[in-house]
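As structure tokens, here come the structures.
What follows is a pair of complexes built around subunit A, which joins subunit B in one and subunit C in the other.
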Partner chain A sequence: MADDATSAPQAARRPRRRVGSLWLMRGGLIVTVAMLAIAVFAPVLTTASPIAQNLMAARQPPAWEAGGSAGHPLGTDYLGRDVWSRIAYGARTTLLTSTAAALGAAALGVLLGFIAGYYEGRIGSVIMALVDLMLAFPLIVLALALVATLGPSMQNVMLALIVTGWMVYARVVRAVVLRLKEQPFVHAARALGASDAAIIARHLFPNALTVILVLLPIEIARMIITEASLSFLGLGVPPPTPSWGRMLAENRLYLTIDYWVAVFPGLAITIAVLGVTFLGDGLRDRLDPRLRHLL
Partner chain B sequence: MRSIVNLAARLLLILATTVAVSSALGQTVTIAVKAEPNTLDPHKVVGRQSEAFLANIFDGLTARDAAGTLVPGLAESWEQVGDTTWRFHLRHGVAFQNGEAFDSESVRFTLERAGDPDSPATTWSQINTITGVDVVDAYTVDIHTVSPDVLLPARLAELFGPMLPPVYTVEAGDDFGTHPVGTGPFVLKEWVKNERLVLAANEDYWRGAPSVKEIVVRPIAEDATRVAALIAGEVDLIEGLPHVMVDMIDSRPELRVERVSASRVFYISIDASVKPLDDVRVRQALNYAIDRQAIIDRLFGGLGRPAATIISAQAFGFDPSVEPYPYDPEKAKALLAEAGYPNGFSIEFDYFSGSVADHYALSQAVAGYWTQIGIDVKENAYELGVFQEKRGANKAAPLYVYSLGDVFLEPFWLVEWLAAGDMSRRYSNPEVNALIQEIRSTFDASRRAELYSEVQRLMKEDAQHAFLFQVDTLWGASDRVNFTLRADEVPWFYPLSLAD
Partner chain C sequence: MLSYLARRLLTGLLVVFGVTVMVFGLTRVAGDPAALMLPPSASAADIAAMRERLGLDDPLPVQYFRFLGSAVRGDFGKSLRHGESALPLLVARLPATFELGMAAVALALVVAIPLGVVAALTRGTVVDVGLLGVAVLGQAVPNFWLAILLINVFSVGLGWFPTAGRTAGLASLVLPAVTTAMYLVGTQLRLVRGTLLEVLNQDYMRTARSKGLGRTTLLIKHGLRNALIPVITIAGVQLGHVLGQAVVIETVFQWPGLGLFTVQAITGRDFPVTQAAVTLMAVFVVGINIIVDALYGLLDPTIRTA
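Up next is the complex of A and B:
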């Protein structure tokens, strides 16, 4: 600390922050990869079915506690379902819905962002007005209303996540396009007779890709939380498909008696969100530190 | 420095108020309930929770004792004076909490208000056999019914027969629901919606003044929060103790569990008009597939009993010789194979969370048992409100969970309810209908019991429901208070007293 204060504080601080963020990013990467692996290899990593009930084996504690068994490493819930298996298969639900929804939202948002940025005029204003309108809603309430109306299913949950998640892409991409399209290389391309589509595809999209890549993990983290919230409120992927949010909701009565049924799915959500967020932050610092102010 | 002094002064002040509050608590009993009544106007209440609460402020013509037996209330006695006429002899010298006298005129006014064709009471369907009220003298009334109604005295008990003061009720108009006046053991003192409802003892109560002078009723919807409030000593009594928390309460010396067998029967409705449920063997297979006792043991701490039909063990006419379906998955599979579905079939099953009684976990368990005999169960887990809308529109899935409590302990109305035809109530068996019609007007109790036995046999055999079980109602209590529960699930605070 004394060094910082006396000699070249600015120079000393910057690399240090980068090192920290690098470690966080590595950690985030490891967690993300591990989670992907658990989701993909869930059938290999678990011995019990995530939905099979056995009331006779209900409410067993984790393996390391008295009364626990190796067959149920993280214990069982009130219906005798294996908690570890439900978390592992729940990772599939969570990752699938949140990643697919984030990609879907990105596709929609990027498309609208390009249109709004490239063709400023009336279309642009309409799209940006729509963005402002959407952002004025409490998004979780909007998502709840959508799923409640359409009926709870994995597709509808994704749809709700997409409908409430595209605005940030549209806004950021529009800003990038507005900046880029007045650049000399775009003018040059246009002078050489390139069509709008070609300009967008060849010149603008590659330049906007960084922003999109940086946004994606941050948005995925947000979607994990939204998906878990929807599930917690009973409007997520319907049972018996395991999902972390629903595990929390179903077991909250048992939280004070059988801690393992709620603590482990809660931890799963926390670790997943932190991991993906750290990865996203690291990517941002690496790819485009200027975005720190934007995101 | 000054801020520290300031802080210390504030802390002292908070401490002083806390002490003051807890000493006031000395004479007050605080009770946490699942939900507060929607109103205290007996003709505008919605839901059993609200209806049952009224007994603390109002009296009916009849009442129930702790065991659930029908006993005199504001009427001292009653008799039949014709096929369709009941005569009630009213208690003398009873006054409403505002001083108005209770007499025949109050009965006529109350029942006419309930049956007002322009705005009938929300509870009117429970007493709509009434066609007219004749005042014979100041303390005698004749009540006429559309057809012989063996149930009328029970209908006019605390839930659906609370008596209102004519003059005040008209004066109060719409304010009656928040400023009620009855003849009951407690007077409403204060009602801060969603926060607390304060009841004060009615010192002139005709049964004698209640022992506890002030009761604070707090609505706490979340089960775990209610239990936490009891453990923290914030409340003395909680309604609806979850069965899984019994051990937690028992392990604390200053707390105890009060339990009573409740008449509510949980069941799955099975739509016998759709394939493959139109085959009685398939419906019976669904029944044999469920291990009722295991669900009671694991989800309700063993505090319950399997049910064979909607007729609960404490109801009139209950026939123990009609036994619940035993757990026999092999037989279930054999029946499915016989019916032509050796590999099961796919079917939708609606259930819900958020109800006063927990239907969610038991429905999951039932779905699990059906899965085990090879049925592909498509589970729809709804929030109660959404499900009720679907059910109300007659659109519930072929299989859905529900439960019914027998407030009259005279169960023919339950069977009528199940067979109503609308609102996804699909029970259909002409033989049973005929029996129910006969029961309605059979005043000979032993004959009625015979008819009920036949109803139970038929209902079990035709398997248009999978009747599951009755479970005990549990309350958590602090040793500060003496309290016993009533068998009909009415939260009746009159016998409450402080332990010394």
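Up next is the complex of A and C:
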């Protein structure tokens, strides 16, 4: 894209801002903030406990249906647990695991990406070979196998997400570092006697930060889906912690009868993913539209 | 081209070698395989005897190479649950997964190519934005939830398709294939749109237009033909992704393929089958990538030297 100035049909090629991109980003921001608020203020926003069972009140429809009650706005599941409350508390599980895992994967990937890019040679090849190796696995299967072997717990779910999620950062950061380290300002810094650590910390990292920031929301969105899939398959965050993916799995027998246990948890996942995705797309268009080709 | 392929094959082999190391390591993290293979009531002496029989007291590298030696001969041990050799059990599940994968990728291409062309030709309009929106939605909706919704509407509500299984022929295939395809369509649609827009701006397109070629000929012969090269390669790569998707989708639809069997093995701690399944899947992904690269080289001669 940088050589656009010399090519003829310039106007046509200049990256155009997508229609409504700003609005989508605002929408994404609002949804993301709302999700965070729901997660933080879950005890205030709900009246029922997310884990208390009450067989007398099992399988109640949402409040607006006949037979529904205001105490359970989105109805109850087959054990009489409040669906809205489980979704609100489930937001904590989802946001915590996906954000922490995305940050952990970013830390690991960025570190390995810097090493691979800065010290090309043998260690760089070993890291990139590891990236290729990891990408040969269907990652959800690897994550499943990891959680199954380590035992289901929130920490192990995060660990599995990190182990299967760092490669994209490593690749992208390495590419950035390879490009940057031949720039005059880096040569200048080295000529002035700056150490490797100083060059990386002061000159390379700030320049790679944009890419990392743009990648993060995309990866958080992916992690939300992966975590939900793991929970759905029974190897996510273990009970009694509420989780959107497991809500669908637990009510398996009632999904076709009680639409509210099927619709709302999935809707929560979809809205969360869309919100974070739009926020990320908007960030990318604002921070560095050229990245659209990279990511 | 041949040396390029040879190089790809070699790196592919190295990756598969790495895969076996990881798969071997994974089960050693799990704890004592001997204890896993015996019932919980087994005595310490039983476990020790089992360890002896499995060679678990040997140094790890020795154990690994024994594992690798058997693995290359297709021997991953017996399934703890089925008591049969692990690999043949998995191979028997392959046709169902291939059927699903092929149907999904084909369906996705049939939908995504025309829609991608429409999006490119109407760039910046409501139609384009709407199509991109659908593409984003297709990837934001978790596939297992989409599956549940489709089952509710089309199987339970309308009674058009069975809710699960693979016994009703083509009717069984529809919903699993649609669910899988939905995710693939998003990537393909955006790619068709993006590459076509790029191709339409090429100099040779301007030349062809100034020769007086019709819009349709121009679009199909010069535009699409070039724009589809990356799409075909992505479709190949997606076949690999489908394996991961299959794990979830086959579980929802109880589709008797590799994915469902693998999930059952993983959750049932049937580690010989888990090892064999993960290795098999990785070999497929690596194989598909090599084929895709070779295809890419055939379709686009400029990358062969890269």
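Going forward, the second predicted complex is superposed on the first by the 276 of 295 C-alpha atoms of A that agree within 3 Å, B and C clash if a C-alpha of one lies under 4 Å from a C-alpha of the other, contacts with A are read in each partner's own complex, and residues count from 1 in each chain.
Note that contacts are C-beta pairs under 8 Å (C-beta built on N, C-alpha and C of every residue); 3 or more make two chains touch, one makes a residue touch a chain.
Note that the structure is a prediction, hence the values are computed from the model and not measured.
Of the two partner chains placed by superposition, only subunit B is touched by A:239; subunit C is not. When the two structures are aligned on the shared chain, A:56 is found in touch with subunit B, with no touch to subunit C.
In the superposition on chain A, A:78 makes contact with subunit B only, while subunit C stays out of contact range. Contact with neither subunit B nor subunit C is seen for A:25 once the two complexes are overlaid on the shared chain.
A count of residues in subunit A touched by subunit B and by subunit C gives the higher number to C.
Using the contact criterion defined above for the overlaid structures, shared-chain residue A:255 touches subunit B and also reaches subunit C.
By the touch criterion stated above, A:144 is placed in contact with subunit C alone, subunit B being left untouched. In the superposed model, A:211 makes contact with neither subunit B nor subunit C.
Residue contacts after overlaying the shared chain place A:91 against neither subunit B nor subunit C. Of the two partner chains placed by the overlay, neither subunit B nor subunit C lies in contact with A:167. Residues 148, 234-235, 255-256 of subunit A lie at the contact with subunit B in one complex and at the contact with subunit C in the other. Those residues of subunit C that touch subunit A in the complex are listed here as 11, 14-16, 18-19, 22, 26-27, 29-31, 124, 128-129, 132, 136-137, 140-146, 148-149, 151-152, 155-156, 163, 201, 206, 240-241, 243-245, 247-248, 251, 262-263, 266-267, 269, 274, 277-278, 281-282, 285-286, 289.
Within the complex formed with subunit B, the residues of subunit A that make contact are 51-53, 55-56, 58-59, 78-80, 148, 152, 234-235, 238-240, 250, 252-257.
Note for the complex: subunit A touches subunit C at residues 9, 12-13, 16, 18-20, 129-130, 132-133, 135-142, 144-146, 148-150, 221, 225, 228-229, 232-235, 245, 248, 255-256, 259, 262-263, 265-266, 269-270, 273-274, 277.
Of all residues in subunit B, those touching subunit A in their complex are 223-224, 227-228, 242, 244-245, 247-248, 291, 294-295, 297-299, 353-354, 360-361, 364-365, 367-369, 371, 379-383, 386.
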